[in-house]
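In what comes next, subunit A is part of two complexes: it sits with subunit B in the first one and with subunit C in the second one.
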Partner chain A sequence: MTDPLDFGRTVARLVRADVTKLSHYWVVLIGFCAIFVLAVPGTMLFHWAEQAANVASNSGYDFALSVVNRLVDAATPIVYVLICILFAIDVSNSTLKCILTRPVTRMELLCSKYVTALGMVLLMVTMLWVVALGAGAFYHGLGDLTENDYVIFEGSYVLGQFAIGTGFVLLCLSAVAALGVTVSTFSSTMGGAIIIGMILFFFFDMASVIPASLGFTLSLGGEPLHVPLSTLGFTNQLLVPLDLLGDLPTGIPIRTWWTPEILRMVVTCTTYFWIFFAISAVGIRRRDFTL
Partner chain B sequence: MGAALPVEAVGLHKRFGQRTAVEDLSLRVEEGKVYGFLGPNGAGKTTTIRMLLGLITPSQGSVRIFGRDIRKDFKRAVSQVGAMVEGPAFYPFLSARKNLRLFGRLSGGIAEGRIDEVLAQVGLSARAEQKVAGFSHGMKQRLGIGLALLEEPRLLVLDEPTNGLDPQGTRQIREMVRAIRDDGRTTVFLSSHLLGEMERICDRVAILSRGRMLREGSLDELLGSDAGVIQLEVDLERDAVALDLLAARFGATPRLVRRGHLELEAEGIGPAEVNRALHSEGIAVHGLGARRRTLEQVFVALTGDASDIQ
Partner chain C sequence: MSACSRRLTLLLLAVATAAASQEAGPFQRTKFEFPGTIQDQLLADVDGDGRLDVLIIHGAAGNLDDHRLAICRQDDSKGFLPCVFEDLPDTARALDVGPLDTAPGAELVLLTDEGILVSSWQGSGFGPPAALEAAATIFAGTDQDVPRPIDLLFDLDGGGGRELVLPTLEGPTLVRAGEAPQVLASPAEVSYSAGSRNGDINSFLRRHYQRRITAQHLTPDVFVEDYDGDGRKDVITMLDNVLRVFLQDEEGGLPTTPSLIEERSTIGDDELRSEFTGEATTFAQLDGDERADLIVMKWGSSEKRTRMDRAIFYSREDGGFSDRPDQVVRSESVFPDFDILDLNGDGRRDLVIPFFHVAPAQAVRVMTQNAIKIQFRLFLMRPDGRYAQGEGKAFVRVDRRVVLDYHLDILRLIFGNEAAPTGRIAPLLDFGADFNGDGYADLAADDGSDRLRIYWGNEQVRYGNSPDLVLPFESTLSYDLIDADGDGRTDLFGYHGTRPVREEIGGRHHAVKRKRRERERARRAEARRAREEGEEKAPEERVRLEILMSR
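Our next item is the complex of A and B:
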């Protein structure tokens, strides 16, 4: 019988070891630098585009949300690729055998990779918000959300809603991370992990539009629906909570987060997460590490 | 009931698709000994070690480490083991010290003092802060052994520890293993195809070929008496005649070591008899001696193949 405390301690040790090695590994450092480099000029370009179009955000929050909305789509594949190589780093350096010949079970190792992957995703989202809010504060200030000097929402309310929305974004990104860890579990080389990983990522990215474009619909007694099939793709579901947040600058308060779209997103991403977790768990348990 | 054996494997089989890598292999390694696991490349040594350490699942059979089943009680079984399987492996972008610290943490953390001790033991104190990427093969090999020793294991598994080392490096590792054995606290399971090295440091030896165990026993059991081989030195131009004569007279297969130098398996034959036989045919014997059989000779006799061994 597994002792949960011992399990947790071992996972924590493995995560710490992952953080140590990833923080020294140039591929990972370049990946996160790329996100930062993408974010900083991205915010500047967005600001210039606003100026050129002679439109301005209502406040720093409005500006930050628009920036994050655009950047998260570009940054996600970068972090996803880094997650795909989590196991491959150890397999290609043959260090996996050094880990697996220590008192570490395969399940603990897998869970540690999930925690590390979620940590990477959290770091990415934090970086994007920090840059976006920083730029928002610089260009527009971070006071209350106003419309023609009329306060429509207080800053604290907006920040609270941003935090909730980010939580939902992280849920979707967890499913993306789970896909990355699953790919990683079955990979032996970094190149292979990246190629297979990207193919699967774009497959799921496209999967939301493929059924509709092929004319497949689900008829549940009434009108034919595209929507249930579109959830086959989950990678772009992270835009759902951001869309909801987008209502705030127009003066529409978020009365409930549990809209049908959010519920569908939660069910879809949670289902995918557990499917990927199960696949990776079976994979790591059964895999012979002939390193 | 006696103490649990460091390694006890019963009926191990491993198949990769249609290919059988290991077949019906059983092992019993006693505590405090150096156990040699011999065989040419592809004999199944590394596959067996991977099964012993739980890196791969046996198609059949079971492994117990200090009495604990490696599949069912993995953590406790492996917690007393230090291993280097198929060469050393490290994160090249980290220093030797950081690598040791990182792997040490996985078992619950290791004192800095112990890391210093291990680095000194493997002669890498001066290179502790250098990245492993810049290490020579021999240095990596020594660091690999250091990593295996880090947590002062009761069982040390070393797979081909002298692979690719120069004679000096090989000697250093031999001395290191000897010191570990003499310490008496650690059982060493050593795989190699370097028979000379194994003969020098092992207490017991298992010979493996094509996935099957051919012979297992103490060195004395395997190599026989101290006078197992008779060595002869005869006239250069008459060595071929001597070879034929010895083969015909004693029914053994003498070996021409080099021109004028012969060796003869001496099961039931005395040096004096050999001398008399050669002398009676007018072949002058310039030198005559007896020595123990080498592991290589036993190995070749068992496998009929010496192409991969040294």
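Our next item is the complex of A and C:
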């Protein structure tokens, strides 16, 4: 029986090695630079578009939320592709063989990849929020959330709610990351990982455009909960918490985060995460990395 | 078709519409169904029993020309009698139903392209129409179209019978029994356009010819309300931003020229350049002083197209208004509509303003959840006659916010079998009801999934997070909320089977419209022939009504 502390230490060492490796790898650096490059001019374009269309945001928070809403959709495929090549980098550089010659179990290796992938997702979301809030402060100002000069929410409350919402976004992104790691587990080359990864990603993404009217209705505490088939394409679920956050700039407090829609999102994304984790666990146990 | 067989057909229709009533919580539910397509509806006391009856202007399925009036009368047990049907003449353009004299029963007033027809209620239907010599209305000489209900009958002197106010080019024309018609000087505006906007092929061919001209006559809105708080009803006309008030004197007379003319504008010169900006004026008694206050609404601005500013000018003791607004309510929405209601029963009028935030999240919500989120902002009038406003602040403060989800199946709306409703979509989300008769405004919210949620109102105007009552009720985009039986509790009428009517005048569809009419006339002639020969097929479209009478 593996000592959990030893397991954790090994995973941490592997993650540190991954981070060192990835921070020197130009594909990964370009990927994150692309997210930043996408975010900054994207934010400026969004501001110009608002001005051109005469639909200015009400506040810096409103602006930041709208920006993140758009950018997270654009940046997710980039990080996903980087996650897809996590194993392929090790395989193509033969570093995986070196790692497996050490006293490292395959489960520890898999968990380290998951932690690295989640770290990459966290970095992406942090970058987007920093750019979006920075731009929001620049164009509209932050501070307390006001409407017609009346304070409707204190800044700390808004930021706290943004943090909770981001947590739910990360939960959904962790399912996306799990899909990436699963693809990575079965790939030997970076090209193959990217191609298979993108096919699967767009497969799930396309499922999200199934008309929302198609689905089934569950009863949740006596209230009907419509579950559209588009939920199968779980990638769009990350917009659900952002939708709830969108209430704040309109003066509506978030009384509870446990709305039926959030519950549906949590169940969907958690289920997908564990399915992908199980598949990748099976894959890494059976895979012959010595070739 | 002989008159006898026509009567027989209408009788069979009446039998087919036998209303099914059943209890539904604190309501009595009644459902009607009969062949045809709703074109419009009105509620009026036809038989003089003090209860409002439902009148449905409808056409035969797929027929643009064959207009009928279904009259569904209320019985004395919150139910309805089977509908009776009246054919409307092809010449009918507008109609109203109400007591024109003090005799029991209402009159049906029809404005036609040739004149005015009046017929009285005779127990089971309206009698033969009689021509009324009054004035040439704006409908004189117009093409056939769907007859529309228009308020023509007003009880100006409080005598029980009503006076007729006719829309004419010279201005509203007041017709009282035994008196010559009186024209109130508030003439229609006539605008025109000459040229090629109608898709005139000749304009492309660079030839010299007299181009077609489109002219549009715009008569003012006409209100009959007490404007100055003297207890007598006045006539107020409104066209653009100009309010013309004809004050009634002690003898019941009205001046021919306006007693007062009010015009306020809040649009700045820089905003006039913006295509998004518009302005409209209305009036209402807001602060409880019985005198009308002005509300000038401006929508759009050079910075934000969805901005809606409602500038309020409170009436002063001398009846005048200040040049600058006393208060401004700023909100944001796509539509300029709002409600003026007494929500907490204090005798003062509160504002209910729908707020719709244009944000990507809304599009996402429609995409992933088939729902839109609509916020209502409530502004409560305080005892000092003003809405809450902070010291040194430019705008009124929101007192309450109510958020409702509305299920909106976009695809079904676009591609579904049921015809889209006439005009703008107006879901049943309404604060104007008092279902339990406690004097407080209840919130009726159709969730778009055939369920009606009711939130009881209270003195504090705080609605619960969850509804107090949920009833099955077919979602509708066309409804009436009114106390139809005079018991102090609001009743609900939902209409289904509405046909869209293209309202463009003189546009490029004009020729197509005319062609369609000709085709429909031919089809109707064929249908009549088939009826006479016993080959009539069942129409596909059906008019449906669902009524909840409060108990």
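Heads up, the rule we're going with is that the second predicted complex is superposed on the first by the 270 of 291 C-alpha atoms of A that agree within 3 Å, B and C clash if a C-alpha of one lies under 4 Å from a C-alpha of the other, contacts with A are read in each partner's own complex, and residues count from 1 in each chain.
Definition applied: a contact is a pair of C-beta atoms (placed from the backbone, for glycine too) under 8 Å apart; a residue touches a chain by one contact, two chains touch by 3 or more.
All of these numbers come straight from a predicted model, not from anything done at the bench.
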| item | value |
| --- | --- |
| Superposed partners subunit B and subunit C on subunit A - clash or fit | fit |
| First, second, both or neither for A:Ser66, with subunit B first and subunit C second | second |
| Cα-centre angle that subunit B and subunit C span when viewed from subunit A, reported as a multiple of 10 degrees | 160 |
| Which superposed partner A:Pro249 touches (first subunit B, second subunit C, both, neither) | second |
| Which superposed partner A:Gly141 touches (first subunit B, second subunit C, both, neither) | neither |
| First (subunit B), second (subunit C), both or neither touched by A:Glu261 | second |
| Touching partner for A:Tyr25 - first (subunit B), second (subunit C), both, neither | first |
| Partner chain(s) touched by A:Gly191 [first = subunit B, second = subunit C, both, neither] | neither |
| Partner touching more residues of subunit A, whether subunit B or subunit C | C |
| Per-pair minimum CA distance [subunit C against subunit B, superposed on A] in Å | 42 |
| Overlap of subunit C and subunit B interfaces on subunit A (superposed complexes) | none |
| Interface residues, subunit A side, partner subunit B - complex | 10, 13-14, 16-17, 20-21, 24-26, 93-95, 97-105, 286, 288-291 |
| Subunit C contact footprint on subunit A (complex, rising order) | 53-56, 58, 62, 65-66, 69-70, 147-150, 208, 211-213, 224, 226, 228, 230-231, 236-237, 239-240, 242-243, 245-247, 249-252, 255, 261 |
| Residues of subunit B that touch subunit A when the two form their complex | 47, 50, 53-57, 74-76, 78-79, 81, 83, 85-87, 89-94, 98, 102-103, 105-109, 147 |
| Residues of subunit C that touch subunit A when the two form their complex | 274, 276, 300-306, 330, 332, 355, 357-362, 364-370, 373, 375, 390, 393-395, 397-398, 401, 403, 407, 409-412, 449, 465 |
